[in-house]
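Same chain, two partners: subunit A is paired with subunit B first, then with subunit C.
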Partner chain A sequence: MTATSAQTITAPARARTAADSATIRRPQGFQHGGWFVAPFLLLFALFVIWPLLRGVWLSFTDANISGEGARFIGLDNYREALKDPLMWDSLGHSAFFTLMVVPCITVLAFLLAMLAHHIERGKWLWRLCFFAPFLLPSTVAANLWQWLFNPGTGMINYVFGIETPWLTDKSYAMLAIVIQTLWWTVGFSFLLYLAALQGIPGHLYEAAKLDGANAWHRMVHITLPMLRNITGLVVALQILASLQVFDQAVVMMDFLPGPEGSTRTFVQFTLEEGFTSYRVGYASAISVIFFVIIAAVALARMWLLRNREESAR
Partner chain B sequence: MGRPDLNRRQLLGGLGGLFVASSFGFAALGTGADALATGADTRVRYWNLFSGGDGSNMIAMLDAFRKAHPDIAVKDSTLQWGSPFYTKLAMAAAGNRAPDLGVMHLGRVTGFSPGRFLDPWDVDLLAEYGVREADFNPALWKRAVIDGKLYALPLDIHVQLCFYRKDVLKKAGLLGDDGRMVPVTSPDEWFDVLKQAKRATKKGLQTIGLWVNDQNFQWWFFVAFYTQLGGTWFNAANTEVTFDTGKATQVLEFLRRHITDGYADPGFAGAAGAEQFLNGSPFVWEGNWSVPVFSGAKLDYGATPLPPVFGKPATHAESHAFVLPHQSDRGGPADEAAHRLAAYVVRHARQWAAGGHIPAYTPTLSTAAYKALNPQSEYVSAMDHQATEPKVWFAGSTGILAQRVGPIVVASTLGSAKPETAARRMKSTLTQLLAMKNPMDGRTAAQGGAAA
Partner chain C sequence: MTTAVPVKSRKPWTPSQIILTLLGTAVSAAFLAPFAWALFTSLKSETEAVEVPPHWLPEVWTGQAWQALFETGNITNWFVNSVAVSVCVTSVVLLVSALAGYGFARTEFRGKKPLMGLVMAGLMISPAVLGVPLFTTVQQMGMVDTYWGMILPQCAPAAMVYILYKFFQGIPRELEEAAFIDGAGRWRVFFTIVLPLSRPSLAAVGIFTFIASWNNFLWPYMVTNNPDLMTMPNGIATVMNSYGIQWAQLMAGGLMAGLPLIIVFVFFQRQIVAGVAHTGLAGQ
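Moving on to the complex of A and B:
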């Protein structure tokens, strides 16, 4: 990490090859920058790297929560996990949530940003309205929607004149969490889009106008292409965040896995195995599986992006 | 090569070290501060999971104890109810930082590694403080004994009840001369009662709330009715599943019928059932902890154990019990004070009954003060008809058993699985659980046979 930052700073100044600068500049780079990042590195190693390695080790044992008497059992945990219907169910729930949230939030954030960008009066009010929910702690946002979804006294059913058992029926429960999540987190992506919209140079639109492009053409041929990078970022961040869905789901379901287990997410399943069933070894194996899945998603995205950039050249 | 900043660094480092050292010092002081403040010689650290009305009743009882025993300082901590509590207690015991006294659900004790995470009670010491085996329901006491040692001292039992509104039942002609609900002895009679009650119910309200979507409540109701039918779970050695799918199907069909016949509305599942009851719905099945809620609302209501529709009366019961979390050096004044405190609270549980719980210390139940409590005195018989989960390591309040089997009951009640199918799934889940090893000691329920 320190080596790369030293490289990028020094590379333009001296006409050296990358290999040169890597071998010669590194020791000096650490002397100057290394001590500044040392506290971070220490904490990072202590609270991220070490638990990660320890988790991988535990996944090969039958450790329980007491930390005593753990035995090495090889791949047994992994074998069991791959056959565990509960694991596949909860993985499915997290994946379903992700598939629902990511497209919706991307489109919604874009539309809201367009709205806030083009509206002339009271701009600050719109921005505040769209972004404010994101500032709420997850428990507050989840509790709020628990009330809104209440079948007898909640506002949602009252306003629409329906009698939907949002939180108590397995066909609606996950949908309710998706709706809550959209409201709660769209502000973040909205802000990214808004910043990107403001960064598009105005002369592009003027030139297009002179050439006779109407509003639709300007959006399709200028706005959307200029937002491509930010869309990639929004989608990537949302996928990673959505796969890890946990807190709003458990709070809205009163810390249970929802009607007939329909909102048990992967993180919740891991927590249950580790801290209700006290099977720390098994829970570690599940976490490692989850880690691999998330890493695979992140790598796939990087690979796609690189391919696209190369084809664009 | 001069390093002008060396001294400053040393100074900063020294200051930092001093800060860290002093904060440890204050932390060490803090552990003794409570005992110092009260001038007491002995300090009992006590963890419980009681909040709300139970919490304030418990605090009132602790305050009474403090007044009676000024030489003992009670440092009580209330923690979040449910799985997190057990996790904290287990980790504290494993790390040898356990409190002197704790509270657990009795059903959880078997799976909580008695002997490793829990220390046994000194029965003679308890007797000295006035608590003897003879003062308890024998079945309840037996559940607290593992390997011949007492690992839990029951404080109460808490049961599932059928709450009814007297105003609505009177209108429907379902109230007896004694002002109590007419007795019910079969499913058909029960549904007749619901039918008549429905006619007297205001529009927009369901007839009965029974937590149709909740895996804990549905499981508790199942345990109650399955026990009424005389159903069993495992053989005595815990080597075979004796679960009767025929009886289970009967119970599941019975639960399901509340929805199909239009008495329970899935839209008002969960806590909405109690809200509906407050608004005029005639029935709700709830834990006895709802007594203070309904009494606080000044409702004219009664509460009986779940109706004995399958003949033998039985309603689901769990129990709050005092435990001694494992300390490697247990003994001495703090341990004696923990015995004294637990015995005191168990014997003075009249206050506890205000929370709807049935005191485990039976002499309390025959006092005039307890008999004057309504509706508590109406369901006190539940003490003799307890339906409990099997005594295995994976059972207990919100434990693995409820977590795995509860959702199957819910699926059947809500109609997404046929009762026969659900009964078979329950049996196969029970089979899996029986073969599963307790992560704490690597033994299955059968291998831990002595514990059961």
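Moving on to the complex of A and C:
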């Protein structure tokens, strides 16, 4: 289908550009650009923009899952959400998770990348080992660690000779999810760091060596500054992903909110309101609040980047 | 000179290399241990799997769990569904986002700036953020519990358009202009010059879309309850977890879901690493 539509449009376009070839600097194919972006924009409008607008609309109504008989109730959903202790709890859990995961993953990814970069033999093997967990589906990785953390039959307690009730005690449950997430996702940031390390020109190190800089100085004055951009990227991506944590938390806790509700994440709370309590209007209001938080983080990053570019000028 | 020299020029084992290699081996072992645990568990009988205290190697090696997995469950269905959904999502995303990336990078049309802004805003939206309204939208279209409902909402990733947009901007304009002078049109230039030049970027986008789609749990979980339509991650997490977990079977199923991508990684390692570097640079 796309092949034929491409051909039908190609013919007139070719004739036109041939005629205009003397004035190449003119914007080419003014009205054809729209066709390039049209298929994407159609999908984007249907499955991103429309749900967003719809979510905003639903958040002002008391809609249920059937979608019938929704009444406009103004800001009531938002008022209720801001007073809802469950919302604040779940927001707190997601924020706590983010605060734990982001620094750990950044440091760990950097160290693993340094290790893999500096070992001269078998580079592919280290890469494979550190990246392999990332290739597992979230639910599989979660089940695996649920099994490892299992008291009695699990390996973690056995190997370390401890008897920690990882998944059933309020004070350990989130920690268990953090550990699982580190193992599962560090590989992606690791690869970003590794690529950045390989991109640092070797002559910088040689020059420093000639000037008598030792390995520590070379790392502090060359490697770390050269990795600043990629660190910004890793941190930003991790914050955005960690705030949206859901899969591993629900699977490790058997689709429940964990001991005393201590691992109920924000996404889980939204889905509970929408699909368990059938309160689509209320769930939409929470989603909109969540969207605002995510957008704020993303915009803050853009603002930081722009500031840095301007100060560099 | 031209005769084969059997002696490879090996790098010397300096003390620091020995220490680093030992350290690397220890860390790798820690990273791989959970995989080994899954594999060994899947080769135990269900009763041996839950013995206390646990032991690494099975005392009796048995393929019972694997056999039961194929005989009783619908894991083969899920596997086929996963392949179908991921392949469809990847093809559509590649086509649609390459076209859009090029359109935004190199063509002019009315409303380009605000539309690009909209795409950038789309970077912040995911099923995790907008799950409930996205579900009601799909419900309204009558696509709940269908392949369409599972596939299409995964096909509008603003991030992939953005990556390709950045890449297309970096292609020297002179290459295209030479072709325009020879009388080629926009579409011809796109398909015969731009696309072949962007193979590494397209590979990166394709690989990441495939990984994301194969591993996607949240959206299929929301949009289908029908065990015949489920994908691997989804079926394993919901059906296999729902009635008294059988750990050996669960581990076997998990390995079956995870291994295809790991095998793909072993073969396409170079492209994937280059792809990550690429995506990283685009996002920087």
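In the analysis below, the second predicted complex is superposed on the first by the 281 of 313 C-alpha atoms of A that agree within 3 Å, B and C clash if a C-alpha of one lies under 4 Å from a C-alpha of the other, contacts with A are read in each partner's own complex, and residues count from 1 in each chain.
What we mean here is this: a residue touches a chain if its C-beta (ideal position, glycine included) is under 8 Å from a C-beta of that chain, and two chains touch if they have at least 3 such contacts.
Quick caveat, the model's predicted, so the values are computed rather than measured.
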Put subunit B and subunit C onto subunit A via the superposition and say whether they clash or fit.
fit
Quick check on the superposed pair: does A:E260 touch subunit B, subunit C, both, or neither? Answer first, second, both or neither.
first
Between subunit B and subunit C, whom does A:R308 touch in the aligned arrangement: first, second, both, or neither?
neither
Just subunit B (first), just subunit C (second), both, or neither: which does A:L43 touch?
second
When the two structures are overlaid on chain A, which partner does A:H217 contact: first (subunit B), second (subunit C), both, or neither?
neither
Quick one: classify A:L191 as touching subunit B (first), subunit C (second), both or neither.
second
If you stack the two complexes on chain A, which partner ends up touching A:E120: first (subunit B), second (subunit C), both, or neither?
second
Can A:D62 be said to touch subunit B (first), subunit C (second), both, or neither?
first
Greater residue coverage of subunit A in the superposed arrangement, subunit B or subunit C:
C
Per the contact definition in the header, classify A:T153: touching subunit B only (first), subunit C only (second), both, or neither.
both
Looking at A:F275 after the superposition, I want to know if it touches subunit B, subunit C, both of them or none. Which is it: first, second, both, neither?
both
In the overlay, subunit B and subunit C get no closer at Cα level (Å) than 6
Overlapping contact positions on subunit A, where the subunit C interface meets the subunit B interface
65, 67, 152-153, 255, 275, 280
Name, in rising order, each residue of subunit A that touches subunit B in their complex.
62, 64-69, 71, 150-153, 163-165, 167-170, 255-257, 259-261, 272, 275-282
Taking the complex as given, what residues does subunit A use to touch subunit C?
2, 6, 9-10, 13-14, 16-18, 21, 24, 27-37, 39-41, 43-44, 46-52, 54-55, 58, 63, 65, 67, 112, 115-116, 118-121, 124-133, 135-140, 142-145, 147-148, 152-155, 158, 183, 188, 191-192, 194-196, 198-199, 229-230, 232-233, 237, 240, 244, 246-247, 251, 254-255, 267, 270-271, 273-275, 280, 283-284, 287, 290-291, 294-295, 298
Can you name the residues of subunit B that touch subunit A in the complex?
82-84, 86-87, 90-91, 93-94, 113, 116-117, 212-216, 266-270, 272, 275-276, 398-400, 403, 407, 410-411, 414, 416, 437, 439-442
Of subunit C, residues touching subunit A in the complex:
11, 17, 20-21, 23-24, 27-28, 31-35, 37-38, 41, 49-54, 56, 92, 95-97, 99-100, 102-104, 106-110, 112, 115, 118-119, 121-126, 128-140, 152-153, 155-156, 158, 161, 177, 180-181, 183-188, 190-191, 211, 214-215, 217-218, 222, 232-234, 236-237, 241, 247, 250-251, 253-254, 257-258, 261-262, 265-266, 269, 272-274, 276-277, 280-281, 283-284
